[in-house]
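Letters A, B, C and D mark the chains in the order given here, with residues in each chain numbered from 1 onward.
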Amino acid sequence: MNLIVKLLFLALSLTPAMTLLTWDGGVAWPLFGGITLLFDLNPVPGFFLLLLALGAPLVALPMLRGPRDEPAYALYALLLLGMQLLLLAGDFIGFFVGWEIMTWSSYLLLLRSPRTNLEGAQSYILFNLASAFLLLAGMLVFYSFTGDFRIHAVTGLNTLQQLSLLTLFGLAFLIKVGALPLHLWVPRSYDQAPDVFSAFLSALMSKMGIYALILLLTLFPEGLAGLFGQFLKGPAAGYVLAWIGVITSIVATFKAISQEDMKRLLAYSSIAQVGYIVTAIGVGSSLAIGGALFHSLVHTLVKLLLFIAIAGIVLQTGHRRFIDLGQLIGRMPISFFGVLIGIIGLAGMPPLPGFASKYLIYVSLLEAHWLLLLAAMILSSTAAFVYCYKLIYGPFLGHANSPEARVATEAPWQYLVPQIVLMGLLVALGIFPGWAIEILIDPVLTALGMTPIGAPAWGQLATAYGGYDGVVLMSVFATVFVLVTAIFFLLRGRMRQAGSPYDLSYAGEVPTAETPLHYGAGLGRELRRIPLVGWILSHSTQGFYAGLVRQTQAAAGLLSGLYSGNPQTWILLAVLILAATLTVQTLTGA
Amino acid sequence: MLEFLDSPRVFHGIYLLGSLMLFFIGLYGLLAKRHLLKIFVSIEIMELAVYLILIALATSPGETAPILSDGLLTFTGMADPIPQALTLTAIVIGVAVTALGTSMAIQYHRLTGKVGVGEMTELKD
Amino acid sequence: MTLHFTPVWFIAVPLLLAFLSPLWVRLRLLMPILLGAHVALFALALSWIPTVRVAPLLETIVIAPPLGIHLHLDAVSLLLVALFNVAGAVVSAFLWLSHAEPHLRGRPAFILILLLIAGSSGMVLTGDIFNLYVFLEIVGVSAYALTALRRDKQALEAGLKYLIVGSVAAIFILFAIVLLYLQTGQLNLAALARDFGHIPAPMQALIGLLMLIGLAIKAELFPFNFWVPDIYRGADPEITALFSGVLVKAFLFVLFHLVFLLLADPAVARTWLMALGATTMLVAEAVALRQQDLRRMLAYSSLGQVGLITLALGFASEATTAGALFHMVNHTLIKLLLFLLTALMLRRFLSVRLADLQGLGRAMPLAAGLFVLGALAVLGLPPLSGFASKLWILKGFAEAQVFWPIALILLAALLEAGYYFRWIKVFYAPEPPVTAGQAEGDWAYTPLLLIAGLLLLLGVAPFLLEDWFVQAAKALLGRGAFLESVLGVQP
Amino acid sequence: MIHHLLDALAMLGMSYVIGFLFYGFYRQFNARVQRRWGPSIWQNFFDNMKFLFKSETVSHGAMFFFGPMIIMAGAITTVLFVPFLKDSIWLQGFSQSGNLILIIYLLVVGPLGNALAVGSSGNPYGVMGVTRGLTRLMGLEVPFFLGLALVMLQHQSASVHVIMAAQDGIANWNLFTNPIAFIVMLLPFIASQNASPFDVVGAPVEVYAGPRVEFGGRLLGILMTQNMMMTVAKLVLIVDLFLGGATTVPILLVKAFALFLLTAMISLAFPRLKTEQTVDFFWKIPLALGVIGVIATVWLPWS
């Protein structure tokens, strides 16, 4: 029974893949009053469906570990259903239906974690519902302009109308991707969600916001460029969006560096990475959109890998803070490699595909002549190295800081299989960036009416500004590495393993087990001394939202004073209102 | 000497004035008195004022009761029968409500010992 | 012999059953009979759909209108009557199948519930304004009595408060009716509608205000709804379900029926009614944020939805009206579900305060799940039916290029989410709950699951009832057609 | 294939020799400025050989061992992706398969690999050094990249070959056509060379700890070697980008030496900055210059 349910669940998690492979022909579902839901598979959402199809089973597998949990399985299936509806929708109503099913089913899944607190849960659902309601408002405004809910480019709108659509939809989708200052829910929920489910939230659900943003561009016949003209060589409206993305990524990167909890660090890193994608969407050229799509793909793979690996660590040790872990490299080698590949991808280092996608975005910024944005993006990209290092140093290197970390064993196979698959995918994409461009991204660009980027060979990434060859790069690096290692061993001399982990050059003293030797939690703390970073880290939107909540509560308290328990007050009020209205009417003669 | 009272305007005016006064007396009682039974009485007074307005204004001086009986074989000169029927119905309903209210008030008093409308605080959370 | 079905049955059958009830000795039969009666009347209502589609059905009692009394069965009144009977059926099924307290299963409850449903149906069906008053008072008396049915301090206090404020409302309404009669000499609604325009304007305003305030008290509109939370808090949740599901809907219908009939151009009152609805909605949703007792919270949520319906009906376009009627149906179903769940929780935990319901999801997983479903529906989240009706309303506003109600409705929904999800979060708290009361049998969930199914069905396939709602909206807004069908002349 | 192999070996050999000679010169130069005799110009070779042939090396686990291998592989790859000469088939390595942005990223691959080894050693001082290094990187990359981006924009290409080919004749050197870019990237370049006044990371001599605190023997030799090769790769890259590249090896040497001399003089003139001062400095002065450069060359109408 147990096995059957779990297998069934696994089969359900393959539904996005099934949809992707077997979809033929559109489906129409009349709702009421001339509203018909249209579902069809187009290349643009097809790309995101591919991400979903890849990610869904990989997240489902680790979910299967432990006792059977039917409600979670059912909610996960619902979530997948909602996301597929969202992606297949050809009209806004269907899109909204999918969006909302996704929102509430993921919320209920979030509640299944014992760590969820009220603030986390409330901020998750309220921000997401605010996003959904903004979307709904945008849909209705769109409807009032066009008389139609189909998603299509609208012509003949004046600037005010375009601006209202852009604001409503833009805000809705920026909340979903967690752009600053609307990101409050992201770290809380990614942190508190069930460990494996965080992977889904970060890797796949944030991509729905990206999809929606790209969809937003298609509403305007000339994309963002048609709105307020050009700024330098790019769209002026996109310039604002791009800055939102970059500032988001800078702030989130520094916040990530200062985190002491692995999942919170990853949450902020998600915000930052999605910030790059938003920037690329702001640039809006075919190269930039290609970069955005590529980065979405890479980020999906990387975040799945990292969150699943981290979930494995939390499962095996019960700890999630850097200060409690350490030295797991020997005990959890596969997870170590998972995190290693993950951070290389996250940092955008060659030869992994994170570099390819960032390269496209950089070049698109160069092409648009938006150099200040480029510099800002470089800042957050380089600062990301710090948290990437923290992420691998904290749990895996240094010294074990808790009894659990000293005796932990490798994560169970349900956690390792997805990691191995993802590592393979990342390495393959790093060697063949051209393949990703040609097979995955160019069809989307064509469907968006943009020039495809193209690739001379599967191993090559080519742009007008030049490109690079992933195969050559990878083979040179690998060959050199092997040769250097071999030569090192051929040389005279021998290696001696240090006698104990405390055999260190430690300021002339001999450290003991009591000496605080693990630098995990404090790593990056000294960055505060840099004025800009210190300023960023000492500010937060939490106070603002807490104040908003307080004010609402206070207003509610004031109003609830009206609902007194005395019938005479009620009647007096009614009579007074009657008298007042009558007086006013008599006086004005209305 | 008092014929002017028979003119419909004055006649109706007097009744209207009187019943409105009655209505406001009831309203005053409703708002100012604390005792539950007094409140019910006030409500009754207000209701009666409304009935009175209906009956009085629908009837003009000199009209007879709308009943066919000895000597009265046609409908001429009779008062409009509908308001009277309505009032009768409304009185019945009013009595029912008051009876229900009174019985509830008594039970409430037995349970809590309270009679004032301002003292009813069982529902405070 | 052929049975002649007439709309009178909707009123006569429950009344008859109520008055015959002393004949039954076997108390066990009461609830099944209650259920049976409502189901039968619901079936009867359904059988009339085709007839009513063609033309409204006029059932004359003794003399033909406008002199006599008649019942007016058109698409909208049929819709509401059917809804009331569904609500009655659900509540009676729940009372029958669950371990309800004895006072809810006894003869008084039986009689009073029947009276309530009969009165509500009467209010909706009648074509005569004084009859309206009579039915209103029948409903009122039975509601006061039902509130106090438990006869403990809280129930009695709620009943007394309800009685006082309800009587005052009735006086206002009676006053308005009296003035109407004195001004026009008519009691028939159609005839009143014809003659209302000839009344002097100040008198029109006075009558309108008196009527509006009287009905607004009954229909729970701000600032006349301060009584609602106390009453909902004091009465049994099963009874409150009927109040929120049936009573309010009947009064709302009456209010708008009168507005649309008496005013040749509803635009006169549009701003007023919409403002009334919008304030009701926003104030209630805001106040609900702070509630610690589930019954009070649901009361405020109910007020919020009433405000939304008022806002939509007040706009008086066909789409918003149809949507509002749809929303009425949804809201009735949802509040039945939520209040009956509250009853179950109250029996299990002996309290429905937020702090006492921690971890309810573990003790009563099905109840928690159904609560989530109800909350999602009331928030208007797809794929549940609340979404379809809200969308319909919003679409109506968008079509008319009026955007401020859209913004307010969405803001209110966000506030609503603020407290509903707070409760849901508490239900799924990891702490194990403290259960004091008794566990409930599975049968009690049958009617609730039925409602849940309906909510889902109407959410996925709202087109099943689309035609009915459109017809109903036309009937409600169609003043001309109404006058023609009764008076036989074009106004 | 053979050609590629020989070419690669030539590049590696050249960068190894030049690197040690330049650094030897630097030590001499430094000493003379400070009125010391200083070590022999060959001293670095001797040190390096000594380390590489140590008979015993202490290791702290596999990752500790592989870190220097990664950094060495990274350094060699970097060297192989920088074209040393223009208009020549020699000393090109695999530079046709890469570009400037790739090279900038390759420069940090190795240090990050080594950071793993440092972490693996379990010495907190080492990790502190790594953090300092990453922090400095964060500071210097922004103006450095901005300066290079101005050049890339000027030539509409990220390819070093294209940029090099466009600078025929001294008047077309980017040093003269785009001086602001050169100034913007000069100080960050010095920092990326790990030279004074931005050398608090490694902090040779004065500060006890740094990334290399646990390394000894042959592993330290490897680290030293890669450092020299990386220095040369960066010098050659800047020569390619700003000084018009070189068609023959002697010209390359002269230009690289001139550049090295310039940076060495700047290095000697200033005292060492703390890490956060470094970062703050880069985000103020060079970045502000960069912003001015961007405004002047991109935003204003004549551009």
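Simple rule for what comes next: contacts are C-beta pairs under 8 Å (C-beta built on N, C-alpha and C of every residue); 3 or more make two chains touch, one makes a residue touch a chain.
Since this is a predicted model, take the numbers as computed values, not measurements.
> Please give the groups of chains connected via touching, computed with subunit A left out.
B, C | D
> If you tally contacting C-beta pairs, which comes out ahead, A-C or A-D? Let me know.
Comparing A-D with A-C, the pair joined by more C-beta contacts is A-D.
> Let me check something: if the centre of a chain is the mean of its CA atoms, which chain is farthest from subunit B?
The chain lying farthest from subunit B is D.
> Give, as an integer number of Å, the spacing between the C-alpha centres of subunit D and subunit A.
35
> Based only on mean CA positions, could you tell me how far subunit B sits from subunit D in angstrom?
Computed value for the inter-centroid distance: 101 Å.
> Would you kindly tell me how far, in whole Å, the mean C-alpha position of subunit C lies from that of subunit A?
44
> Report the inter-centroid distance (CA atoms only) between subunit A and subunit B in whole Å.
Averaging C-alpha atoms per chain gives centres 70 Å apart.
> At which residue positions does subunit C touch at least two other chains?
Within subunit C, residues 161, 164, 168, 230 contact more than one other chain.
> Give me the residues of subunit A that touch two or more other chains.
565, 567, 571, in rising order.
> Can you tell me which residues of subunit B touch two or more of the remaining chains?
Residues 30, 39, 117, 120, 123 of subunit B each touch two or more of the other chains.
> Take each protein chain as a node, join two nodes whenever their chains touch, and name the resulting shape: line, ring, star, complete or other.
Basically it's none of the tidy shapes, so other.
> Would you pull the subunit A residues touching subunit D in the complex into a rising list?
Per the stated touch rule, the residues are 232, 327, 329-330, 340, 347-350, 355, 359, 362-363, 366, 369, 371-372, 374-376, 378-379, 381-383, 385-386, 388-389, 392-393, 396-399, 463-469, 472-473, 476-477, 480-481, 484-485, 488, 491-498, 501-507, 516-519, 523-524, 526-527, 529-532.
> So in the complex, which bits of subunit B are touching subunit A?
Contact set of subunit B toward subunit A: 27, 30-31, 39, 117-118, 120-121, 123-124.
> Provide the residue numbers of subunit C that touch subunit A in the complex, in ascending order.
Spelled out, the residues of subunit C in touch with subunit A are 161, 164-165, 168, 172, 202, 205-206, 209-210, 213, 217, 223-224, 226-227, 229-230, 283, 286-290, 319, 322, 365, 369, 372, 376, 379, 381-383, 387-388, 391-392, 394-395, 397-399, 401, 403, 406-407, 410-411, 413-415, 417-418, 421-422, 424-426, 428, 430, 462-463, 466, 470.
> For the complex, which residues does subunit B have touching subunit C?
30, 36, 39, 43, 46-47, 50, 53-54, 57-58, 80, 82-83, 86, 89-90, 93, 96-97, 100-101, 104-105, 107-108, 111-112, 117, 120, 122-123, 125
> Which of the residues in subunit A come into contact with subunit B in the complex?
Residues 565-568, 571-572, 575 of subunit A touch subunit B in their complex.
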